[in-house]
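Reading through the structure tokens given below for one structure.
Naming follows writing order (A, B, C and D), and every chain is counted from residue 1.
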Amino acid sequence: MANLLGLEVKKIVATPPEEIERVKNWINSEEYKEQNFARQALVINPAHACQPLGAQLAAHGFEGTLPFVHGSQGCASYYRSTLNRHFREPAPAVSDAMTEDGAVFGGQNNLHEGLENAVALYKPKMIAVFTSCMPEVIGDDLTAFIKNARTKGHVPKDMPVPFANTPSFNGTHIHGYDSMLLSILQTLTEGKQVEGRCTGKLNLIAGCDFNTADYREYKRIMKEFGVPLTVLADIADSFDSPCNGTYNIYAGGTPLEDAADSINGKATMTLGPYATPKTFSWIKDNYAGKHVSLPMPMGIEKTDAMIMKVAELFGKEVPESLKNERGRAVDAMTDAQQYMHGKKFAVYGDPDYLVGYVSFLLEMGAHPYHIVCSRGSKKLEKELQGLLDGSMYGKGCKIYMNKDLWHLRSLVMTDPVDAMIGDSHGKFAARDANIPLFRFGFPVFDRVNMHRYPRIGYQGVIYMVSQICNKFLDIKDETCEDRFFELMR
Amino acid sequence: MSDKIKNIDGITKESTEALIEETLAAYPEKGRKKRAPHLGANDQGSGSACVKSNKKTVPGVMSARGCAYAGAKGVVWGPIGDMVHVSHGPVGCGWYSWGTRRNLVSGINGVTQFAMQFTSDFQEKDIVYGGDKKLKTLLEEAKGLFPLAKGISVLSECPVGLIGDDINSVAKASAKELDLPIIPCNCEGFRGVSQSLGHHISNDTIRDYIIETREFAEPSSPYDIALIGDYNIGGDVWAAKSLLEEIGLNVKATWTGDGELEKIAATHQVKLNLIHCYRSMNYMCKVMEEKYGIPWLEFNFFGPTKIRQSLRAIAERFDDTIKENVERVIAKYDPIMQAIIDEYKPRLDGKKVMLLVGGLRPRHTIGAYEDLGMECVGSGYEFAHTDDYDRTAPEMPNATVVYDDPSEYEFEKFAHALKPDLIGSGIKEKYVFQKMGIPFRQMHSWDYSGPYHAYQGFEIFARDVDMAVNSPTWKLVKAPF
Amino acid sequence: MANLLGLEVKKIVATPPEEIERVKNWINSEEYKEQNFARQALVINPAHACQPLGAQLAAHGFEGTLPFVHGSQGCASYYRSTLNRHFREPAPAVSDAMTEDGAVFGGQNNLHEGLENAVALYKPKMIAVFTSCMPEVIGDDLTAFIKNARTKGHVPKDMPVPFANTPSFNGTHIHGYDSMLLSILQTLTEGKQVEGRCTGKLNLIAGCDFNTADYREYKRIMKEFGVPLTVLADIADSFDSPCNGTYNIYAGGTPLEDAADSINGKATMTLGPYATPKTFSWIKDNYAGKHVSLPMPMGIEKTDAMIMKVAELFGKEVPESLKNERGRAVDAMTDAQQYMHGKKFAVYGDPDYLVGYVSFLLEMGAHPYHIVCSRGSKKLEKELQGLLDGSMYGKGCKIYMNKDLWHLRSLVMTDPVDAMIGDSHGKFAARDANIPLFRFGFPVFDRVNMHRYPRIGYQGVIYMVSQICNKFLDIKDETCEDRFFELMR
Amino acid sequence: MSDKIKNIDGITKESTEALIEETLAAYPEKGRKKRAPHLGANDQGSGSACVKSNKKTVPGVMSARGCAYAGAKGVVWGPIGDMVHVSHGPVGCGWYSWGTRRNLVSGINGVTQFAMQFTSDFQEKDIVYGGDKKLKTLLEEAKGLFPLAKGISVLSECPVGLIGDDINSVAKASAKELDLPIIPCNCEGFRGVSQSLGHHISNDTIRDYIIETREFAEPSSPYDIALIGDYNIGGDVWAAKSLLEEIGLNVKATWTGDGELEKIAATHQVKLNLIHCYRSMNYMCKVMEEKYGIPWLEFNFFGPTKIRQSLRAIAERFDDTIKENVERVIAKYDPIMQAIIDEYKPRLDGKKVMLLVGGLRPRHTIGAYEDLGMECVGSGYEFAHTDDYDRTAPEMPNATVVYDDPSEYEFEKFAHALKPDLIGSGIKEKYVFQKMGIPFRQMHSWDYSGPYHAYQGFEIFARDVDMAVNSPTWKLVKAPF
């Protein structure tokens, strides 16, 4: 008897169409919105993933580094396929394929056998270990396991094996990024500090940024500046490698030597303050040189702040070429401002991105009207509110902290906006609201090359202006009456 | 179903075994020993598996496998569109499996279908104090916000099983309270060796909680059947169902592509279960056979040759009306299919394909490639069992390589040696091979295309295969400098 | 009696709706298409402008150069506003404001007074004179006029005043570009050839290309190559200058000295063979070094050809960075090919652009199905046919030479395609056919920043792939049934 | 219409004259002499022009002016949507003026409206042998392809007049043959000093070929009027027409925005001509007054103050019904307009604007800016005559600079000195001033926005002015480094 719940056996009855119609309208109502916002336990369509995903991203940012998931192979498959889909690129990573017996005996055997196989098959220069749920719940002692692995020869003596605890039931992918990056830097720089030595270089931490073009853009900007640079966790080539007939499992990444020497840098700058607080705090205590934390440079003002800080740190004038670039970005803004001015946006995503979107929109005279972060902090809320308060275009805009995309749907259905900015997951709400979605966030599963154009810096401004305004113009052309269909816009 | 031994130029048992040997050489001793039984040369005539399978993945390799949760959520439950599926535990599992399998569903999102990501989003405190209370609350919230949902599934993620929560009790109590089927599924990812156990657990859950809890309102007919093991990837179910209807059958329920909970629950009333993906749903076919005496039949709706064979085999289970219908339908589609073959075969003839997929595809699609003149030079499964490999042997050309849960390393080595013109596998493999300049199609998801099932699907399949193999972009991969 | 035509005076009668409906359907018919293609005299919606417009573009490409229209001020206003609208940038140019009396006395007085005022007010380093209809019809002798101007002191003795006859009743803007560029080079290089001197530089002629980003991209590519470069007619900054609070009337342009010294270059390459035949032919006869004419480098193969030629000319290996860029562009193509493969396009525009579009589309497995050039040549037709014949995707594609956009409308209405590539003027046909228009040509009056992204080179490939595929994906998302609305594409 | 002398802080006759002096200093003697009479300080009380106008443009400067063809095609003929307008001569003129003036039209493109670019695309041989034959052929082709076109205009470009073609004969012959009004307009660009002569020639052409050739089918009424000199930029005519209808008038014809040839041809039957753009259409108003005794009245539909004054002035020409309607309409819109002013005035109060436009705008829009609290500190026309400047004097604040056909050099100098918060001018000026960081609106084309006429337009105008002046992007122009 297949009815362990003991519910009554019924004939199948189809839901009446009028009932469907009623509910269809109801879910767009204020009443529904209130019930929706009253949720305490159920999370629907959150705009964040779990820690190990970010940890894997950080691991890919280093030369010859194999990300290693201590946990089920299913977890690794999920992280990898997410990165595959977003970048349309390989995302090589292994797991030690823990199963039920791990719960009983712990995961040390899996880890050791896994390290041995991984070293033999994939010949990495570094293995970056991070955890999924199971070892975190059962309390595996990674420090001991990895020490043992080295003692027992499962991994070469001199191979760095940084590791991070990245429990999925705590924080989001950005926290995993932080932990993994921290562990990698701690491991690589150990004993590398040399009193009096200064590499003269800038260490730049992009934060948990899933856009390869941003990394290229940082490098290009610093090249214009003539500032020698080490990007810490440089995924530019890892996730944007050439298709030339040869698969390179370890394309790109920060050279391990450079990463090791970063502790002797002239300055370290994080541009992902919400994604790298632990790393930055450790760097402040341990790295030579100056330490600066700035917002992700989206929009003119945040980019200016980065540029000026670099100029100050390195005692350099801002080069003409960057001044001109800035001028061209401002030109793009003044030319196009009328297409965005006064438009309302719903924005959602990771904290560093959100600060950027909001800052940029306000500069264009647009309203970041609904601001949703599905896992944020008081600090973030305060910073966002500060941005809103600093502009007349922030008036009436609201921040929704720890709300998900089903909350966002209620917002855009009851208090409409002109467009959304976020990741592909927002497309369902955008469709229901019949507005465009600008896929500036992570992940993007349904468009191509979004990671090949920068969102940061002056070029990022031009890109965002182009994408947004041209889409609005597309819509105008596609929806206007014949008599308003014009050659010029 | 094939009875002729197919051979491929240049491929012999010896060459395949040498290739395997060479590939395994890279492993440490222990790994090599574990992997060796999973790689073999096909013995087509034997009709039985040449590899071991359904074993733990070797630690430290890049496996394509998922976990039990993935098998439960992604394969069995996700496609049932009129239920709320709660990924119970931390946020990630539900997020990664949200919208990433292309199991299309009908209905209105949030009203009558619920292809969203529902999660209890476990935090540290839920691990420490347990999540049962939270579960109870969220079930009430789900019922309140989605009044037309036909039921709620609770899919356990790893921590739930490890911390000793009792979702079954919560489900039972809440089901009573909310007067709604609330189905607990203990599919923690650490269970078993792959997504396969997730299928099995989910089948058992259907057995325990769902089947026989509903009855069809309309009177029964001798032509009532259920379509089992079709997940409606890119609309497969719609293509398959309409063909089955065209031959005169009543498709009373689809398991579980575009599935409806209540129809699944009433499937014990059908006359025959037609199963496409044997791996993921043979369990319930067997249960229904044992318990309700419903016979079941495997079939293959990829490519006209297999479709024709399958339709006739299906017809054998029915009366002359159906048999005549089938011949009429075959006669109708044969020329249409021939036209497709005439268009694409000249561009695909003799091209080689390698497969690494899940479920039924590594064997079921071979005929469709052959319809286009292509040859399968290697095939393997992520999570198959011996019975899958037994069924594969007759389909594969003789002496070709068979790989079970191969690591990406092995797969690359095989591809390097066999130089296929097309690889059909998953997203994790896609870009690896494309970097090498090898045309590739994601054959879990039909690479965002589809349907590929039935006659309707073959046209799209043929077009896509041609598009992949013959895209002029491949000629550009090697720079002239 | 206001009826000079002597037609019957009638009551106003509205056209019956059914008659309107009939004609509305009729203009989309095969029958109409035939009648439309039978036109001998009437041109409707041509995709080309007149010579002086191109001449002005060329003039803007040189340092401190004031374009000077010998003709009516109305002509100058038209050229200027066209460039203003396309680039959303200033387009400073003067005219000598000829009026009726010019028809009687000729335009010498206007020209002389104009030169004097222009020099005084706008302080140019060079004045580039070109003509509109009137002086061409009346037969003004520019050679003599300008010689006289110099003799009489209307223009400083040492100021170069190149001039070009650019009759509007002959050719299109690309021919005016050619004539003006030729005259500028002839003027500037006069007497500058030094036996045995080699600047070691590449002279690069982009052709009549209205995309500033293409010029920047050429410069970037040659920088990667380490090949010193003189772009002849460099409009990169002229039409993409910073907005920084100061208006610079002469932003950008090829330095006059570099242009003068170009005659001693190591090699000269034109990448706009249809736009610069006269210039190139003169250069072959007069410039030192090698001379190469290649198609505009759109798509991989045409870019490869340019890259290899540069490598050959300068005896250099192709740098790794460019190889990787190429690989990334090919990667973008392989990743996205399924979104374009088999899609039919209607393309129209200037010859050099057309060759580029067709080449690129065939590389993607798309069909350049209707190819329309409103003023082309046998040579162009042959080159295009060669491209079509060289690819299985060219099968069934057709070239329509000297046909206009009203012909194109008949084509897309009777034999539909998936999209169009051209300039903004095609939007009316695109709307009627309900297909997207990719504004890769000139002019673009209704979108922003189209000139800020390259179409040439490997980056151009990525840009075109992105624009086209993402628009197709937008359309899919916007038009699909609910049950086919998916997260992944 | 204003009777109060307005003064602006810091602007005196002396300061303005000094500024002019300084600006002219850059010219060579001859140029300076020519330009001096075209620049002046406004004498508001005088009510008369302080500058000379309608003279040849000085050679060698950047003038904003167009030509007679531009005035004919762009202004008068282009807006008549149901005709085919042939740009007769080389390809360019028609191409540049294709879709670049925003004179919106109703109807179906290619069926009932013909907002396309028709040209005879002259080649060398047409110059040598003449284009009359070609013209005859193309007229037949146009009639064949566009059977619902109400007529065809033939607009001569420069070469036509220079080579001695006789388009008038061709038009007459073809009109008979095709039984269609074919209107020849000898508007070669070299005629006159600006687009102004093109307006005049076109008005004369309407007089000679169009007016009185049709009659309205419906009976006449005392409220029949024509709306003259509104070109429907961004929909202006639609806004103005609906307001005139709201006060009870019948708008029988619009000249020429969204114009219909036959209604224009029957305009001799209306009771009053209401003219917005005096410059371009006063000629035909005078003709209709002389010939048919139709009075005409200038009005101003920019901004609530001027609209209110204009409505009352219009009402004066009608009976009490209309007068009552007007008061009712004013009472209805006053609070709506006040709300707009309340929203934007706080952000715009005291801001300075400079204008350089054509037609009526340099004077007509001043009141609308003033409604928003702004001051006009300089204004000028591209192609005005003395009667325009006479009408401008009372509208402009006293002693502000007036410039006739200024060169871009002069305009820049004035802007540099006067530091306006907004400049309203054309596309050629737009980016020059934006580079300087000065907010700008294209005020020929409403910068792709509109309508700006009537009450409906003021809301949009106010929003756009605020958007331009207060865009946060201007604060970014100066780099902090």
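Note that contacts are C-beta pairs under 8 Å (C-beta built on N, C-alpha and C of every residue); 3 or more make two chains touch, one makes a residue touch a chain.
Going by UniProt, the chains are A, C = Nitrogenase molybdenum-iron protein beta chain; B, D = Nitrogenase protein alpha chain.
Bear in mind that the values here come from a model prediction, so they are computed numbers and not experimental data.
Relative to subunit A, the chain whose mean Cα position lies farthest away is D.
For the pair subunit A and subunit D, the distance between mean C-alpha positions equals 53 Å. If each chain is reduced to the centroid of its CA atoms, subunit B and subunit D end up 68 Å from each other. Distance between chain centres (mean CA atoms), subunit C to subunit D: 31 Å. Within subunit D, residues 98-100, 108-109, 431, 434-435, 477, 479 each touch two or more of the remaining chains. Those residues of subunit A in touch with two or more other chains are numbered 85, 88-89, 241-244, 323, 326-327, 330-331, 334-335, 425, 428, 445, 486-489.
Checking each pair of chains for touch leaves A-B, A-C, A-D, B-C, C-D.
Contact residues on subunit B toward subunit A in their complex (touch as defined above): 26-28, 30-31, 56-70, 86, 89-93, 95-100, 108-112, 116-124, 126-127, 134-135, 137-138, 141-142, 144-145, 147-148, 157-159, 162-163, 171-172, 175-176, 179, 181-183, 189-195, 206-217, 262-263, 266, 268, 407-409, 412, 426-428, 430-437, 477-479.
Those residues of subunit A lying in contact with subunit D across their complex are 300-301, 304, 307-308, 311, 318, 323, 326-327, 330-331, 333-335, 337-338, 341-342, 362-365, 391-393, 482-484, 486-489. Residues 1-7, 9-13, 15, 19-20, 23-24, 27, 32, 35-36, 39-46, 48-50, 52-53, 68, 72-82, 84-85, 88-100, 102-103, 110-111, 113-122, 132-134, 137-138, 167-170, 172, 241-248, 406, 409, 425, 428, 432, 445 of subunit C touch subunit D in their complex. The part of subunit D that touches subunit A in the complex is made up of residues 98-100, 102, 104-109, 235, 258, 431, 434-435, 445, 447-449, 463-464, 467-468, 470-474, 476-477, 479-481. Interface residues of subunit C facing subunit A in the complex, by the touch rule stated above, are 85, 88-89, 237, 240-244, 323-328, 330-332, 334-336, 339, 424-425, 427-428, 431, 445-449, 452-453, 462, 465-466, 469-471, 473-474, 477, 485-489.
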